[in-house]
Amino acid sequence: MVQIATANSITKQRFLDIRTRTEDICNSLKPEDTSIQPVEFVSPPKWHLAHTTWFFEQFILSKHKENYKVFHNEYAYYFNSYYNNVGDRVMRAQRGSMTRPTLNEVLNYRAHVNSHMAEYLEHDVSEHACETIEIGLQHEQQHQELLVYDVKYIFGHQPSFPKLDFEIKLDSEKQAQEFIKIDENIYEIGHKEDSFCWDNELGRHKVYLHDFEISNRLVTNLEYIEFVEAGGYKDFNLWHADGWEFIQTNEIKAPLYWHKVNGKWMQYTLQGFKEIDMELPINHITFYEAFAYSQWKGLRLPTEFEWEVASKYFKYGQLWEWTNSAYLPYPNYKKVDGALGEYNGKFMVNAMVMRGASAATPKNHSRPTYRNFFHPEMRWQFSGIRLAK
Amino acid sequence: MVQIATANSITKQRFLDIRTRTEDICNSLKPEDTSIQPVEFVSPPKWHLAHTTWFFEQFILSKHKENYKVFHNEYAYYFNSYYNNVGDRVMRAQRGSMTRPTLNEVLNYRAHVNSHMAEYLEHDVSEHACETIEIGLQHEQQHQELLVYDVKYIFGHQPSFPKLDFEIKLDSEKQAQEFIKIDENIYEIGHKEDSFCWDNELGRHKVYLHDFEISNRLVTNLEYIEFVEAGGYKDFNLWHADGWEFIQTNEIKAPLYWHKVNGKWMQYTLQGFKEIDMELPINHITFYEAFAYSQWKGLRLPTEFEWEVASKYFKYGQLWEWTNSAYLPYPNYKKVDGALGEYNGKFMVNAMVMRGASAATPKNHSRPTYRNFFHPEMRWQFSGIRLAK
Amino acid sequence: MVQIATANSITKQRFLDIRTRTEDICNSLKPEDTSIQPVEFVSPPKWHLAHTTWFFEQFILSKHKENYKVFHNEYAYYFNSYYNNVGDRVMRAQRGSMTRPTLNEVLNYRAHVNSHMAEYLEHDVSEHACETIEIGLQHEQQHQELLVYDVKYIFGHQPSFPKLDFEIKLDSEKQAQEFIKIDENIYEIGHKEDSFCWDNELGRHKVYLHDFEISNRLVTNLEYIEFVEAGGYKDFNLWHADGWEFIQTNEIKAPLYWHKVNGKWMQYTLQGFKEIDMELPINHITFYEAFAYSQWKGLRLPTEFEWEVASKYFKYGQLWEWTNSAYLPYPNYKKVDGALGEYNGKFMVNAMVMRGASAATPKNHSRPTYRNFFHPEMRWQFSGIRLAK
Amino acid sequence: MVQIATANSITKQRFLDIRTRTEDICNSLKPEDTSIQPVEFVSPPKWHLAHTTWFFEQFILSKHKENYKVFHNEYAYYFNSYYNNVGDRVMRAQRGSMTRPTLNEVLNYRAHVNSHMAEYLEHDVSEHACETIEIGLQHEQQHQELLVYDVKYIFGHQPSFPKLDFEIKLDSEKQAQEFIKIDENIYEIGHKEDSFCWDNELGRHKVYLHDFEISNRLVTNLEYIEFVEAGGYKDFNLWHADGWEFIQTNEIKAPLYWHKVNGKWMQYTLQGFKEIDMELPINHITFYEAFAYSQWKGLRLPTEFEWEVASKYFKYGQLWEWTNSAYLPYPNYKKVDGALGEYNGKFMVNAMVMRGASAATPKNHSRPTYRNFFHPEMRWQFSGIRLAK
């Protein structure tokens, strides 16, 4: 599952830094904010705090630390997620029903596990344990990003529009648009360096690409509003059949968190409800909308292979970028045995690949070969558009 | 809407006593417990705390107290319920999305309104205001009972089965069963005394009753388990067509909060998860189950008129008792104009009348003419069976 | 279940007349028309033709006629309805999936059973068999009325709006409106004569009625359009909470079969799509609409008891009339044992009583004590409004 | 959209042959069979007969034949499908509500259009019209295959299990299994010949394939039953997350049309209900099942590119074969303008590619580059498994 994690990359300091950052995100949350699940795909923040902790207790402390006693017998049952292989678990849709343990109890759980892990990391750690800890840290970083999405959803769907005391800043995309030309050739795709990667980035393999061009920047709010105002959401010719049905059924007429107030487009952000900044990249759109926009421009979305090959020629990292590639295994993809093997392979159907990273992605948790993925109708994630032709 | 409320029934002390009791119910709740809505018909406890407070702010302080400034401009919008006539409101299904205001802020809101009300009640209060305050207090007592139901639902639907620090005690029904005989005659039904009642208890009118008999006690858990074990939930002949469909669709095989663990019937109560006490009255059943049970016994449920006439001959007050009467207006029923007129009349379809009171009913909030009502499929309320023939 | 059916009321001629009328209703239907179920509560006409025939085969020929061989072994399974006691049956929602047997085969089935019944009726028939045959004929007449409703629904929900070659004529209600006054008293309610009735009309019992007044005629289309145009469907104060939710969810803004075309109200009738005749009584409304209309007029709907007592003073029979009575058992109501006992009692919850008869009701299938009933949201039946106060 | 259609490929004889075959499929259907829509994705056979006819009337006769009068003004509205660009249309879910026009009227419509087309084809036809007619014929052949699927679904979902008078024969797959080895290389993918193809088979382009092996035959019923009996449907490790949820929600435990009767696996086929033939290829499975089966065998499904490259080395044509490729555009894919442009591109999301052909595919309507596609949960189409590694 992980390509490589050497013991020297797993240090007590790095462990605690990453763990602390999760708590920092939740700093300004009230207990009430951390315990609800307004919709099935959003998990209560408290659950993220506990679930990432459970990982280290279940896979490291219980297995490798002598005389370790679990913090609470039932927590493995409460805070397991899709790991069907590790006993019963609370169904995803019911995470929001658990008001107990409380936020305080969960923070105590974190402290308990952190202190045991710190102790454990003061001694020599086996290569196998290192690998698992590395996965645990990468996993926690993924949940840090999901935490931001979920808190934004929770705050953005209540009438008081609370703010987060935690800056997630997007930059304007004001550079002039240019299309970078890439030549037809055989390219190598997938992770190759001596560093961590997920199983879905392996094995590195050859792909034949025809000539293509790709934009040097993301589509802006200004550009996207033109599409909205031109009736883009009313012209079925621009949409996939499934996308058209989706926006009809859900009466979607603009990106998530957008509201038209007295004829002006407003937007909920983690810094509050405000006017849309036209220079920022368009955010919180489904794959369907990204595709429809590209059709309307007479252009298209890049494939994930085109994106990976071209990525060294442009700046990225503001928003995850929809590609027109379905999330499928690379040749010679191998699913890892056991619980950790459930991680990626089981999602390789019905999802589209997103490439890059976002302002909500933890530092150092990003690389050109990273394959993120979402069902095409998802839009609570930080998601933007880069055009190709 | 209210028959009578004299100024001397509205005192500062009574006001504060009732208000305080609401907070007492929530004493052992954590902020997380007060902010979720696990199912549409359950409201977050925090919402009850705020909504009952909003009533006094909206209908008394804002209208009658000089220079009163509302605690927060948006609270009227957040905490209004079915009062369609009083501006916009947060839809019932979305009450659980509001993590803000927090429990603390809501408790501050209560303190603020209580202190203004206390001040207001130190002076002469008009008859009209007295009537409205009386309604507000009766309304708050109804919410006290709903609070118990909702907390039980929230605690009874999570894996840790938390307990409440607040005793709701049922007594055993061990007296020998006897059937009280009532003669055919014209009877008067409805409220007549010089005290508060709801509009639905008026006008007092004549009803012709034929001879009937009614049990002196409620059906017990022991008796109900016989029905369960005899296959009562599998014999469609015992059920209404709608009831049969309901238990099939929802796979209902026992009352709410019952679980068969290792061949033994267990039950969640507010004092925890424990074995069923066979002498207690059966609780948490739908009208459909009450009816099916009566069919199985070759008996029937009383009508609400039979119940009211016979009520002086038996003890009641442990559980609300399903009657076989639909909730309909009495002759000469008059809906009150304006917002308060929405209170009862709009529910007079598709509901069955429950009579009596329950262990969760506040003291002095009960009388023989009281008409409670629920859709026949509801069972989270304290609900039992008294048989008739 | 039936009060009385003497042998001399069951004659071969009467049997064949009623049976033939069912086929006459279907005369102008094409095979395709008879085999679909556009919505769960509408049965394919072919199913009505077969189900009513199955009744006589199952309960008379198979039990009482010597050497009778069933027409087809599987038909009892295909064409049973809610008789849970008579073996397996095709679920209601799947009636429309059976394209076989074809209409022709079903007509052959009818001919076969008719000829055997005719033969059987040439000899002496036991009193018990007479009773069952009477029920079968009354049952078939009820299905004749349902057939009209279902054909109208099938034709009224397709773009070509086919016509039926079968006249169902409503008369204008142009007499001046008067309110008939009835005095407070004890009245006897329920069937008493020496003729057929359903179990739900028994036992005859006393009811105390207070003074009331009831209209001499039904509400007209002209009057109802005033309500529609005055915004009646937009004022929640006029509606039950359940009714308001129902019209919101289903976006109901007018009676069934009404369409506003170029600013003019049009209507599908069995004689085609045409302008609304303002003098005819309003038809195809839910209980919720009948109630809301009465609220808007400052009046109310009568109870079923008021209706029965007053019925000798007005003309009825154009449309079933919504009452404000829930469908509940009379005192001393007895459910019949066995399959036929399922007929009425199991529906005594969640339904409202309709009284009278309609233009689609077979001749002689109506009496002042007849209790029809529907869920309050149903409107494909012929349903109108008579006001009371 | 079509690569090439020369005038000499469009002859009156070929036109009439293809048109006649559609009617032949429906030969033994009764009118009732042709007019129902048991589930949204199944169209009434009558609709197929009319819709394919509408194509020629709309795009050829109305546009190109002098003085042509449409058979019926409303048919364009009734029988249009997903062509959003050609006016209003009856929603897909409501096709089954149209009992009129009847089967006979639709057959008259076919005769009318056929005779006008025959007349039209006796004269010189423009290249543009030839192209459109070719599309119409290819389109009709696709509907011939859908007709078989839909009739099987209609017959296979009613208790009498009718048979079709039309042979669709599968052969046994008894050859020993061998894996064909294909070497790593650059391959050309897509249609290149001088003959008809769909837009989705263009443009021909280069793909880099790594070494792979592919089976010489399909998986048999015998092999698949081993998977079923070994608990394959109960082991979530074998399934995609979406697939696992799908089989749980829909309680799927075996392929479509399979029934376990008295411990023996039986199957509905168009020749009736019978025991499963163990040597035939497994049919009527979702992509999820094909994938889970391959996981259980420790193997995988081929990509569509692997399949196309290897296809000359094995026999295919019994069943469409699931590939592990999502249905996406080829490089340089161009959507055609106008109504015909809706045909393929709008489905390029959420679907998986199937390659090959089936016993229900019309002769000459198949080629190695043909890209069929279905949502992964579909299984009423003729669908099988070829393994790769």
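When the chains are written out, they are named A, B, C and D in that same order, and each has its own residue count from 1.
Assume a residue touches a chain if its C-beta (ideal position, glycine included) is under 8 Å from a C-beta of that chain, and two chains touch if they have at least 3 such contacts.
Owing to the predicted nature of the structure, the values given are computational and were not obtained by experimental measurement.
Chemist: Taking touch as defined above, what minimum step count separates chain B and chain D?
Modeler: 2
Chemist: By mean C-alpha coordinates, which chain is most distant from chain A?
Modeler: C
Chemist: Report the inter-chain centroid distance for chain B and chain C in whole angstrom, where each centroid is the mean of the CA atoms.
Modeler: Centre separation, chain B to chain C: 37 Å.
Chemist: Between chain A and chain B, what is the separation of their C-alpha centroids in Å?
Modeler: So the centroids are 45 Å from each other.
Chemist: Spell out, as numbers or ranges, the residues of chain C touching 2 or more other chains.
Modeler: Within chain C, no residue contacts more than one other chain.
Chemist: List the residues on chain B that touch chain A in their complex, please.
Modeler: Chain B residues touching chain A: 30-36, 38, 46, 74, 77-78, 90, 96-103, 154, 157-160, 162.
Chemist: Given the complex with chain B, which residues does chain C contribute to the contact?
Modeler: Touching chain B from chain C are residues 82, 84-85, 186, 205-208, 210, 212, 236-237, 239-244, 287-288, 291, 324-326, 328-329, 331-332, 341-342, 346-350, 352, 376.
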